[in-house]
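Here come two complexes built around chain A, the first alongside chain B, the second alongside chain C.
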Partner chain A sequence: MMPDMSQQGREGSSDWTPDTTAPIVYLNGVSKSYGRIHALSNITLGLSGGVTGILGLNGAGKSTLFKLLMGKVRPSAGEVRIFGEDPWKNPAPYARVGFVPEHEKMHDWMTALEFVATFARLHGMTKPQAEKEALRVLDFVGLSDVANKEIGRFSKGMRQRTKIAHALVNDPDLIVLDEPLQGCDPLARTTIMNVIRELGKLGRTVLVSSHILSEIERITEQIVIVHHGKLVALGNLHAIRDRLDQIPHTIRLVGDDVKHLAKDILDHPAVYGLSFPSSDELLIQTYHFGALHAELPGIIVRGEHRVREIDNPDDDLESLLTYLTGGGA
Partner chain B sequence: MSQNERSNPEAPVQGQARMDVAWGANDGDETEASAQTAQAAASGEIFEQHYTPWNGTLNPRWMRNWAILRHHVLGVFSKGHRPWSMPTRIFILITFLAAMGDAALTLVSSLFGESELHTIFGVSRDNLYGHVLGFFPRNTLYYPLIAALLVGGVISEDRQHGTSALYFSRPVSRFDYVGMKFLAVALIQAIVVLLTYCLYFLTEILAFGRGWAWMVDVFPMFVAGLLAGVLLIFTYTSIGLSLSSVSRGRFFPGIGLLAILFGTKTMASIVKNLFEREVLYLFSPYDCLAHVGQTIMGTQPTYTQYPWTYSLVALIAMNATALYVLATRVASMEVTRE
Partner chain C sequence: MSRERPNSVWRSLDRKAMAVAEFTLRQQRKRLSTWVVLGVAMLAMGVLTMFYVDAMVRDYDAVDNDGDASDFDQDGYPNGQERLYGTDIFDSTDHPGLLDPPVAPDDRSVWVNEDDFDWDSLAEGSYGVDDDGDCDREDRTASQKDDNRNGIPCDIAVSTGLFGNTVVETDGNVDEDPDDEAYAKEASHRAFVLAIGKFGFVFLLGIFIPLFMATGLIRDEMTSGTMHFMLAKPIARTEVFLYRILGFLGIAWPYMIGLVGLVAVITGFVGPGDAIFRWQDLGVWLSVLLAALFAVLVYANLFCLLGVMWKHGIVLALPFAAWELGMILTTLGAPDAAILRFSVIGWAMNVVDAGAAMAWSDTGLLIAVGMWGGGNGPLEGAEALRIFASDTGLGLAPLPTMIVSLGVLLFQAAGCWFLGGALFKAKEID
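The block that comes next holds the complex of A and B.
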């Protein structure tokens, strides 16, 4: 058996021009199995432009999807295309791609500048070019003043920013971020979200994965939901939410006079049940979450109720998946 | 600005110092400095970020490959490149100094003016052969160990550091990646084997004031020694990297290479001594290299029961097998655990 030389790769970025008629990311009937484990099953997807959130619980297949896109693994079935090219066979499209991996293993012995410049050189930049561009992206992510510090001494947020900088150094058209917000503090999350939104505004295609719905909601409206290796939803988050609003929901309120508040709410047509798990806690069951949620602040203000917390326990990815999979999640 | 506005991601903000607050402390989470920065986080505001696109052009494939090669080779000498382990670097230095022993002793023989010393240490057909292919001490102690240390970690450490995943997200093909690793390992060995060989030759010229006639006379021998050295390095590297490609750790390829080199040599020697048959030498990479080397350098052959072309064919077969294994593994290499 001769080795598969077809994936040797054609020449590179300078000789390669993308297929402008093809979607930037295209998967057609893609499946991936690791032995007897089916990580992805028959995924068909086409994406171009803007920020897209890839949502799924841990182990849903998000990372495998990204590994397929990044040519790290070969699909067991179906076709994967980036800029119209098969990334397993031809790495040239990666000249236009930036990838932020999930893993935390970094080149701790290098400074941020050395790290970013080293990977800039893998795009064919000369040393002065690479250092100049490394400084440009380090400045964008706010690390220019620690550019000459070793990565091993960085905090989690700074390491994430360094990874983002290294992915942006070639000014990519497609940016793939695998769980970029994981482990970051709230302010770091907000800043990374700003970076992602800014790139989306510039017309870049950004794929960002997460298992937390609210995180993705703050970044984009365009989502892809993967569950047990299958694509269960694709499209606008609000459209999916509108449909979600029509199913039973629970709203949790915590306050000093929840029993009085319950009296005011009881007559609302959207409410079909109330319960008091504790003396200062009220659970409201509703069939029309959106309508009730819109009116709830008015009811609280008019009745002069003192409410400390309003929470929607069903407003998470698990609930969304339960709905989308018909309770099979 | 109200607290709500501060936590609103859409709120525009300015100030470099505030950026550090947004990202966490610059000095790490465990230090006092980070605690001080955390206090400032009470006013936590976030930069309005503006991305400046790059309008340069990307250079061709050979420049990317050059970047990989220099990253690996320069790592032996300085920080900021591929970090070869300290024992590997120390052993390379020791071997380099030991290999320079020939040059040093040639210089000493020149300083003392003793012809007997020069006969033992100076440039001659046998000494040039010995520098590259002598079994003791170089091929029992030094050169295979260097090859084993280099090939052991060259791929597995990339997996440990997550580097291969990052490489494959660049416009770098798997064959370029492994090809440059092959070249880097070979170049580092060449520094020890061939650079010291050239310096040895140069020392003889300078210390004894050799003229053109001597140089022209000895040059074919010198080139034959270089060729034998290239064969040695290529063979050790291809066998070592093929072992590395079928292994996840650094121990197996290193020990495997040493076992193949010394195991086959030892077995062949035992069989020769017991049964007076040299045929098992054809399975020993070192002996095949030595046989071919002795022939092209014109020294007295130690293998007499079969022609040198058999050794050459065996050597080609060994390298072809090793490169086939390497190519097959590389072509199907999936990065699943990074």
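The block that comes next holds the complex of A and C.
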């Protein structure tokens, strides 16, 4: 079933009129320090339209960047503007913003519908309007059948989708998602990625952060890489990525019959090494990560292997950063 | 062109306020700790009320305050009866039975509580009535009958003393054997209403319910990270502060109204008096309720502020509660002390005392007469009432006192909200 893509919302939003000439997101020489720790230094960035991936290792400054945009913290230097307004001083632009925080804690005692509708009312909607809009966005993220279940009983992926629904309820022009894929099962990941791509197609400005390169790669090509609080790269991921493929990578698989899977994979030309750290774990070494990563699902399905987990313990972002910063990451 | 009313700023504010308040209310309702706090508070007030009910239904010994139910000479005639007929109370051969015509001896109980206070005349300033006739006897001189030298024989003079206190001056043997049970019940009843009203509802519940339920209104959301959801909406932080408080009041105020109302109804039926229900207490209960609601309002804003200011703000609330305890004790002895202006409870007590002064204008007289107790005071209940009843502290009439005090409490609440909102606004949230 196709979700409702029309996104006809924004009833009863506030009287604030945005500056249409200003970029949607604009940071000029922004720094943020906590005591002597420099979380961000001298970031200058302007974004309007499309999906942008904010990449960085844990602690690189992605969340700080979002907190500045969402007016949670005050910049130590520089100016932060969304829709031309300073978010620290004026919450009015949030009428057009949707934010998915990374915090796991939610109001577990509420149902998904109550949660989304309650926060929709903070956009000035009446109760019936809010409920109508909440049902629309819950349908959009594929949760309409569990709308009346308590969030406390949701899986991690369902919780993330509820958070995304809550952020979309006001039909925002800017959507900020802080690590939306973290801890989600593969199905939820796919759904969330599809939702994000759809939002991009609808012309919304979407900022999505992650510390996993392959995730961002599946969502967008436009990336911003943050490292040690500095902006190290901005632009098209594929251009960077093609050259990165020459660096060795490890793929980790967890499943019941990894030994049989190993036989099928050994034949692949990109594989140069296999190891079994434990009875249900398989490590694959490859020089052509992109090619193997694309073919791996096919191999697994054809051999009818049962795989519970696939990830990249090498953390390919680190490799990319090593590459970008000339080995000194 | 649109038939609908435009979405004014006010209407959308109104919607946000309702949304946050409703959310807060439901959140509190879902918490076990809320029900534990409210349950314990109700239990505590229930236990106190049971002590009160016990005091009201038990029998009080009728005390023969003037000793004239005794029969010193064992002739069968109580002293009071012998005094009335002028026979010798120490001589068993001299008693009213030997008079012509002979008088039959009274039962001793006739001479207990035989000369009660005459409240109606006392309230007018003078003229007690010598019910048993042992003052206005023919064998006493005019000066013996007018000890208080107001020119009226056998009366009680009630006047206002140098410090605004009530002074009772009596001619001997007038109202000297009051009805102890009636007095004890009336005085204990008033003492209880004031005690549970001031210390139970306004002080204990007024402080502890906000302490447990309002300190975390903002703080808990900040530490758990759920505040991010609310602050990513077009809503100012000062608004969030205010609406959270409104949500808390949505549960605390109906609870207070219910509990005060319940105790008021119980004491109204159980309390002393000829009527089925003591309507005359209504004004006192209303002022207790008003004071409690305003105290909850101020403390909620204050404790929420402390929570915003510092994660462990509850630590700061404890010395403050101790300060308030000191202040409420001060209101009992020195309701006009200037230091009370720097407290919340001092102003709340003014409200209660003003309400009590309006509803029970004769409390001062009741205390003074009870402390005198027919010359053998204090009567049971008089000292308790003297402790818990206070004058209104501002030197104004009761009604202006109440209006000024409620205004100050409102100002204190607004000040805490303003400061708390400003602190919250300047707070960086991780």
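Keep in mind that, in the parts below, the second predicted complex is superposed on the first by the 242 of 329 C-alpha atoms of A that agree within 3 Å, B and C clash if a C-alpha of one lies under 4 Å from a C-alpha of the other, contacts with A are read in each partner's own complex, and residues count from 1 in each chain.
Here is the rule we go by: contacts are C-beta pairs under 8 Å (C-beta built on N, C-alpha and C of every residue); 3 or more make two chains touch, one makes a residue touch a chain.
Bear in mind the structure is a predicted one, so any value in this text is a computation, not a measurement.
Asker: Identify whether chain B and chain C fit side by side or clash on chain A in the overlaid structures.
Answerer: Chain B/chain C on chain A - steric clash.
Asker: Please work out whether A:33 is in contact with chain B alone, chain C alone, both, or neither, and reply first, second, both or neither.
Answerer: neither
Asker: Hey, is it chain B or chain C that touches more of chain A?
Answerer: B
Asker: Which partner does A:133 reach: the first (chain B), the second (chain C), both, or neither?
Answerer: In the superposed model, A:133 contacts chain B only, not chain C.
Asker: For A:171, select first, second, both or neither according to whether it touches chain B, chain C, the two together, or no partner.
Answerer: first
Asker: Just name the clashing stretch of chain C against chain B, choosing from 74-82, 362-370 or 416-424.
Answerer: The superposed arrangement places chain C into chain B at 416-424.
Asker: Output the chain A positions appearing in both contact lists, the one against chain B and the one against chain C.
Answerer: Residues 12-15, 67, 70-74, 91-95, 97, 99, 101, 103, 105-107, 109-110, 118-119, 121-126, 166, which sit in both footprints.
Asker: Where on chain C is chain A touching in the complex?
Answerer: So the residues of chain C touching chain A come out as 7, 9, 11-12, 15-16, 18-20, 22-23, 26-27, 30, 224-226, 228-237, 428-430.
Asker: Touching residues of chain A toward chain C in the complex: what are they?
Answerer: 12-16, 67, 70-74, 91-95, 97-99, 101, 103-107, 109-110, 118-119, 121-126, 130, 166-167
Asker: Quick check on the complex: what are the chain A residues that touch chain B?
Answerer: 1, 3-5, 7-9, 11-15, 34, 67, 70-74, 91-95, 97, 99, 101, 103, 105-107, 109-111, 114, 118-119, 121-126, 129, 133, 136, 140, 142-143, 145-146, 149, 153-158, 161, 166, 168-171, 184-188, 190-191, 193-195, 197-199, 202, 218
Asker: Spell out the residues on chain B that touch chain A in their complex, using ranges where they run on.
Answerer: Its residues touching chain A are 7, 9, 16, 19-29, 34, 41, 44, 46-61, 63-64, 67-68, 71, 79-81, 83, 160-163, 165-176, 324, 327-328, 330-332, 334-336, 338.
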